[in-house]
Structures are given as C-alpha cells and as structure tokens.
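The following pair of complexes shares a single chain, chain A, combined with chain B in the former and chain C in the latter.
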Partner chain A sequence: MILTLFKTELIKQKKGFIWLIVTIIPLGTMVAMFLDMYLRYHTYLYGLAQNNKVTSWVILLKENHNILGWGMFLPFFVSIIATIIYYTEFENNSWKKHLSLPVSKVEIYISKFFVILFFSLIMIILNSLGLLIVGKIIGFPEAFDYKLYANYILFQFIAILGVSAIHNFLSSYYESAITPVIIGFISMIFSKIVLLARPGIAKFIPYTYTHYANNLNGESKALVVYGGIISMAILLFLGILSFKKRDIL
Partner chain B sequence: MLKALKIELLKIKGSKVLFIATLFPIFSVLQGVMFLQYVKRSGESFEFWRMLFSGSTFFYATLLFPMIIILVFAIITRLEHINNGWNQVLTFPIKRKNVYLSKLLLGCIIIFLNLAVFSIGIIIAGLILGGDVNIPYNIILGKPILAFLSSLPIISFQFFLSIKFKHIGVPLGIGSALTLPVILVINSTKYWIVYPFAYPMIAITPNLVTLSEKQILKHYLMYGISGLIFIIVIGIGLLKFKNKDII
Partner chain C sequence: MEKYLVETNNLTKSFGKFTAVKDINLKIKKGVIYGFLGPNGAGKSTTIRMLLGLVNPTKGKVKVFGKSINKNRIDILKNVGSIVESPSYYGNLTAYENLYITKEILNVKKEDLKKALEIVGLSEEKNKKVKKFSLGMKQRLAIAQAILGNPELLILDEPTNGLDPSGIREIRFLIKNLTKKLGMTVLISSHILSEIELIASEVGIINKGKLVFQGTIDELHKNSVEQIKVNVKPKEQALKYFNSKGYKVDIRNEYIYLKNCLDPSSITRELVMNDLDVYHISRYKSNLEEMFLSFTKKEGTNDINTF
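So, the complex of A and B:
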C-alpha cells in the first residue's frame, strides 16, 4: 500500500514546482562550481591537488561541499522540498479526502517521507552530476572517480534521513508553509555555529550530519551512518505517533 | 499610499517576519564577538572595531542578508496568496499601484530594520567588550546603508518572484540557489560585477587594502547597476500587477 501511495504522491507532483526546485538548485551549484574552477583551477586548485596528493575530483568535491556550502545548505533544501510536498494537501484541503480512504494514517505519513527522500535524492544526484560535467568541461587530467562520487551521494542521502524525518513532521504539522522553512533556516545557521564552537555537541544535531558527508574517513562515516539512521528512526517514530493522534478537520 | 502602508503594517503585526528580521543579525554579531576573541587570543595586533565588524559581516553578508530578503518578501506576499487574499485586497478602494508599492516599501523597511539591528548590535557588543568610544560610525552605520542600496536588485527580483508565484517554494528555492555561489563570486575581482547577489558583500566589506582606481569605479558602477535593475524589475512587476486578472 505504501508503494501505491508513493506512486500517487509522485503523480500529484508531476506538474508541480518540485521538479523546478530539484533541478534549479543543482543547476545553480553547477554554474557556481564551473565559475570557481574556471577562475581558480589552473592557477591554484590543480597545484593544491598535486601538493596534497589527491585528484582534481577530490578538490572539486571539497569545493562544492565546504566552500560553496552545499553541505550546510542541504538540510535547508530538504525543508523546502518537504514544504512543497505537503503544501498540495493544505492548499486543496485534501486531508479530509485522504483520511476518508481505507488507508492508514501511518502509511500516508511514511509514503510522504519516502517522497521527500526521493526528491532529495534526485537533487543530490543532480548536484554530483553537475560536478561531473564541470570536471569534464574544465578538462581534469585524471579519470572520473566513480567510487568517490557514488559514496558522496550515498553518504549525503544517509545524512539527510534525520532531517527529512524532522521536516516530514513539521510540514505535516504546520499549515503555514513558511514556518517549517524558517525552522529549517534557523536550524541550518544554528547548527553551523554549534559545529564551529562546540563540535562535541554538534554530533547530536541531525542538521550537522550533512557537513560530515564529504569527509569520508572512518569517524565521519560512522557519525553520518549512525546519526542519520538513528535520528531518522527516533524522529519518524515520534512523528508517526503525533500524526496518528492528530485530528485533521 | 500611507493608508495602504498602515494596512500592511497591521497585517504583519502577528507574523514571524519581525522576529526573523531582528534575530538573525544577533547571530552574526555573536559570530563577530567569537571572531574577535579568537584574534585576541592569538596575540596579534588588531583594530578593535574594524575586526568586530569584519567578523560579524562575513557570514551575514554572504548568506544571512540575502536569505533574509528572500524570506521577508516570501512572508509578506504570502499573506495575500493564501485564502485568496489578493481578491479581497483588490476590491478595496485602493489603487493597485499603491498596494504593490506599499508591500515593497514594507519589505524595505523590514530589511532596513534588520540592518539597523545589525549595526546597533555591533556597537552594543563592542562597548560591552571594552571597545573605545571612538566608534567608526562611517563603517558600522555607513557600510550597512551601502549594503541596503546594493541589495536593491535582490529586493526587486525576490519581490517579483514572491508576487508572481503563489507557491512559496519557488522564490525560496530560486533565491537560495542564487545565494549559494556568492562566496565563490566575491573571490573574483573581475566577475563579481555581473552577479548582483554578491553586491551586499562587496558593499559591506571594509576596505582593508587601498583599492585601485578601476576597482573604485567598479564600486560606483555597482550602485548604478543596482538602481537601474531595481527600477526596471519593479517597473515590469508593477505593469504586470496592474494588468493581472486575479480571480
């Protein structure tokens, strides 16, 4: 049943703005990274890669994640995606219709969560695809590092699990679409500050996990995997409990 | 016009927009304080006020300020997008032009308030931290005013998007996608001029080195371009708004 609901959700979004958002954001990052590489690759970044004994693809990934700020912004983009997905229900007042169908609330809630993950994953993949295009246009001498970028996509996806669960809850809870987005924005800024000032505490904040998703050493991997999955399990469970009790009139 | 503005002010009374406008600059000032303390600990010589201002502005001008503009206009136009608010507003005996301009003016006032909180926050934090009374007002108050002027293209563009699209995700998504590259664009002395989202950062940064004549000219050009884009985008937006059928 969840799969059917998931497909229904995708049909609902077929002509929606969600496709515009998940393509325009990675397009923006691609243009920005192209500009960055065009201006600095031959004069500085290639030398930096050689000095650090890494490939140009690693440098490109780090520029995208740390300098451009993709790692910081990603949870905020997830909050926008979640808002758009729930917006259709509030706009058309279609909760009533949904809940009069012979489908459990839990299944509706989980299917929405999967839709958020689906569109977030598309956005993440498009971002990495954009990086591949930038590297090819600039003419990196090394072969494309498929494994590195596949890992990058995978770890970003795991890192957003907790944030997706939070915004699945917030977007279902607040009728005003702006409130979850504001919460997402404040959390993004707050988590960045905590990450810089108190890294020990930052490990417990789901909004910080995307920051670690590029640094694929053992500790960061564990943090992303355990943090992402555990926070998702807890927050999704709490969200389901709350959603089941809610009267939607 | 004044009447329309008063109505707009009443509408935002209970909204979160003023909270956003005042909260975020405080974050940035706290960051500036942390940066100042870090520099103090390093034992290097530094100019107190300039350092506090620089530490506060980096995150603020590259990220927070453009995002606040995006959020402010998304919120103030959303009030009309929900529950067919445009229909109600446009049945009032107020000219469409006044409705449009009063919303724009309201947004500008909120953004200006945001900058005022930022400047005043820096002064208060500096005095608490033991800064001398010779406060460089030309930087702490002057630079944010320039940042406001240089942000006119962002203001007009986001206002246009927020009015045009009912769905809040569109101005937010496009605006944040355009804010992301700012940090990269400002590194280019050649290309920043073609990217208006980078203007506030350029305008607010204290000049730590003497600028060449060419660079100074580019700065003046930036304010000219800002004004021009603002007039064009607002003009197009107003024309569209006047002719739009709102059913």
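So, the complex of A and C:
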C-alpha cells in the first residue's frame, strides 16, 4: 500500500512547483560553482590541489560543500520540499478526503516521508551532476572520481534522514506553509552557530549532520550514519504517534 | 445481521469548553436515504467526521456495518463513499487524474472509473483541470469519487451546497438513482428541509449539537401538532383572556395560534360570551418547514406572550 500511496503522491506533484524547486536549486549551485572555478581554478585552486596532493574533483566538492555552503543549506532545502508536499493537501483541503479512504494514517505519513526523501535525493543528485558538468567544462585534467561523488551523494542522503523526519512532522502539523520553512531556516543558522561554538552538542542536532557529509573519513562517517539513522527512527516514530491521534478538521 | 447500518451511541464531541455534538444516537437502516438536517453550525459535519473516523469522539461510540470505527476503520471505509463539507480535489490535476488517485487507493478497475464519470456526466470534461470546473462540476466529481468503489454506504455532507435549482435537482436525481439501481444506503446532510423531504425516507434533525427528532418523514408529519388559528378583536383583550385560561399562544400577523386547545366550537362560544369579535377561526396544522423551524428555534422564542 505504501508503494501505491507513493505513486499517487507523485501524480499529485505532476507538473507541480516541486519539480521547479528541485531543479532550480541545483542549477543555481552549478552556475555559482562554474563562476567560482572560472575565476579561481587556474589561478589558485589547481595549485591548491597539487600542494595537498588531491584531485581537482576533491577541491570542487569542498568548494561546493563548504565555501558555497551546500552542506549548511541542504536541511533548509529539505524543509522547503517537505512543505510543498504537505501544502498540496492543505491547499486543496484534501486531508479529509484522503483520510476518508481505506488507508492507514501511518502509511500515509510514511509515504509522505518517502516522497520528501525522493525529491531531496533528486536534488542532491542534480547538485553533484552539476559539479560533474562544471569540472568537465573547466577541463579538469584528472578523470572524474565516480566513487567519491557516489559516496558524497549517499552520505548526504543519510545525513538528511533526521531532518526529513522533523520536517515531515512540522509540515503535517502546521497548516501555514511558511511556518515550517521559517523553523527550517532558523534551525539552519542556529545549528551552524552551535557547530562552531559547541561541536560536542552539535552531534545531537540533526540539522548539523549534513555539514559532515563532505569529510568522508572515519569519525564524520560514523556521525552521519548513526546520527542520521537514529534521529530518523526516533523522530519518525514520535511523528507517527502524533499524526495517528490528530483530528482531521 | 445488524439492525442498523450506522449506529451511534451517545456520540459527543467537545472543542475545549464548547460541545459541538451532544449525546447523539443515530440509527440508520440499510437501504434508506437518511436526511440529516440542521441549521448552520448544528454539528452535522462534526458528526459526519466522527462517523468516518476523521475526528475522535470525546465520548460515545460509532458503529458502521456493526463494527466499531475505532477498531475497524480501514475495513469499514472500504465500503463507504463520502463527501465531507466542500468538495476537495487537486486543482492542478484533471478530473480523470483526481479519480485515478482514488482508484489506485481503492484498488478498483479502470472501468469503474469510467462508469463513475458517466454516472455523474463528466466523461466529456474528464481531461480538464479541476480548478477550471464550475462548482456544480466539482460537486459531481466529488460524487463520482464517492461512488467509485461501489460502496454500500454513501455519506454526503451538503452535496448540493451552492448549486442553483437545476443543479440541485440533478444531484437529487442522481442520488435517488444510486439507491434504486445500486442499492446503496445514503446519509445526506442539509440545512434545507424541503430538499431533504423530496429525497429522504427517514430524517434526523440536529440542533445545537442535539438530535431533536429522528424518524420517518411520516412520523415527522404526525409530530406536527394541530393548532387553532383565530383572528379575534380586540387582540389585546383576547390575549389576556387566553393567558388567563392557560392557553399557549403564538402570534403571527393578525392571527393568534392556540396550541393546547383542540375544540373550535367551544373556543368560539367562550370568545363570544366574553364580548370578543371572532373574524376567523380554523384548525391549523403546521407544515414541515415550520416544524423544522420550531425544532431548531432558540428556546424561549416559541411562545410569545406580549402584554
């Protein structure tokens, strides 16, 4: 049934605003990274790569993740996606119809969660695809590092699991589309501050996990995987409990 | 076999301190069209939401097909088609796509979808975006969606709200046909009695959250008390006299209606002997509309004693 619901969710988003969002954001990052590379690659970044004995692809990934701030903004983008998915029901006043059909509320809630993950994953993949295109246009001498970028995509995906669960709840809870997005924005800023000031505490804030998704060595890897999966499990469970009890008015 | 298809037991819903539905005991038999009547804000939609398991009752039970909605929600909803309040739809999708979503969830055949479109007369417009539909078309789409799974029970909350007279007639015709041809049981809510009268065989009247009447239309007719309608002058003096005799009166225009007095001849004699001029006297039975109003009127405004 969850699969059927997932399919119907995609029909609802057909030609919807969400497709614009998940393509335009990565398009923006691609343009920004192109400018960055165009201006700084030959004069500075290529030398940096040489000195650090890494490929240009590694440098490009770090520019995207840290300098452009993709790692910081990703949870905020997820919050926008979640809001659009739920707004479709609020806007059309269709919760009552949806829940008058013979489907369990839990399955509806979980299928929405999967749809949020699906669109977030598309956005993440398109971002990396954009980087590939930038590298090719600039003409990196090294061959494309498939493994690095596949891992990058995978770890970003795991890193957003907790945030997606939070925004699955918030977007289902607030009828106003703007509230969860504002919460997402404030949490993003707040997490960045905590991350800089109190890295110990930041480990418990799901919004920070995406920051680590670029640095694929032991400790960050473990934090992303455990943090992402555990926070998802807990928050999804709490969200389900609340959603099950809620009156549909 | 259960006696009732839908049965509630002291069904109650409070929002904070405000009680929207109070101790309602609905009893709906199989195969009937049940009219659920009440003025705006009476609690019809709230009750219907509880029947569908959308809203948890504060107190009381809902049984549909003899099963508790609490424990068997999904099982029950497989056989219930519904419209709750205004029709809901995904505006940027076509009528067909809207129905397709429901079809997928109900797991019925594409032919059923086509049939539903045909029944409500939307086959021609099925590829039009629903946000471009007129209200009547949206209502018909909502009905198509409700009947898609061939349900045993249809719950329609004000399906004719906002329609013009011909639209209302069309939908009434449609609903009557559904029960006749497909044997569905229908609960239809409305705040207009005359509309329900034409379609329903049983009615429940709800006012301020309470069920004030439940029974067949015939029983509702019987419930109308006979009154005596008089035109007597001088009016003031007549009222004084009726009051002294303990009659309950109701004044409308130049007429006085006497409620607990059923003998015109003795009343005439009494009036004449008291030097009052009788211009008109007749037996009077209130029509359904007036009864509905009297059922749903605020307490205290029914008996007017003006002195």
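The criterion applied here is as follows: the second predicted complex is superposed on the first by the 249 of 249 C-alpha atoms of A that agree within 3 Å, B and C clash if a C-alpha of one lies under 4 Å from a C-alpha of the other, contacts with A are read in each partner's own complex, and residues count from 1 in each chain.
By our rule, a residue touches a chain if its C-beta (ideal position, glycine included) is under 8 Å from a C-beta of that chain, and two chains touch if they have at least 3 such contacts.
Treat the numbers as computed from the prediction; the structure is a model and nothing was measured.
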Partner chain(s) touched by A:80 [first = chain B, second = chain C, both, neither]: first
Partner chain in contact with A:159 - chain B first, chain C second, else both or neither: neither
First (chain B), second (chain C), both or neither touched by A:134: neither
First (chain B), second (chain C), both or neither touched by A:93: second
First, second, both or neither for A:11, with chain B first and chain C second: second
Partner chain(s) touched by A:236 [first = chain B, second = chain C, both, neither]: neither
Greater residue coverage of chain A in the superposed arrangement, chain B or chain C: B
Interface residues of chain A shared between complexes with chain B and chain C: none
Contact set on chain A toward chain C in their complex: 4-5, 7-8, 11-12, 14-16, 88, 91-97, 99-104, 245, 247-249
Residues on chain B engaged by chain A in the complex (per definition of touch): 16, 20, 23-24, 27, 30-31, 34, 63-64, 67, 71, 74-75, 78, 165, 167-170, 172-174, 176-178, 180-181, 183-185, 187-188, 191
Partner chain A, residues of chain C touching it in the complex: 49, 52-56, 73-78, 80, 82, 84-86, 88-93, 97, 100-102, 104-107, 145
Residues on chain A engaged by chain B in the complex (per definition of touch): 17-18, 20-21, 24-25, 27-29, 31-33, 35-36, 39-40, 67-70, 73, 76-77, 80-81, 83-84, 87, 177-179, 181-182, 185-186, 189-190, 193, 196-197
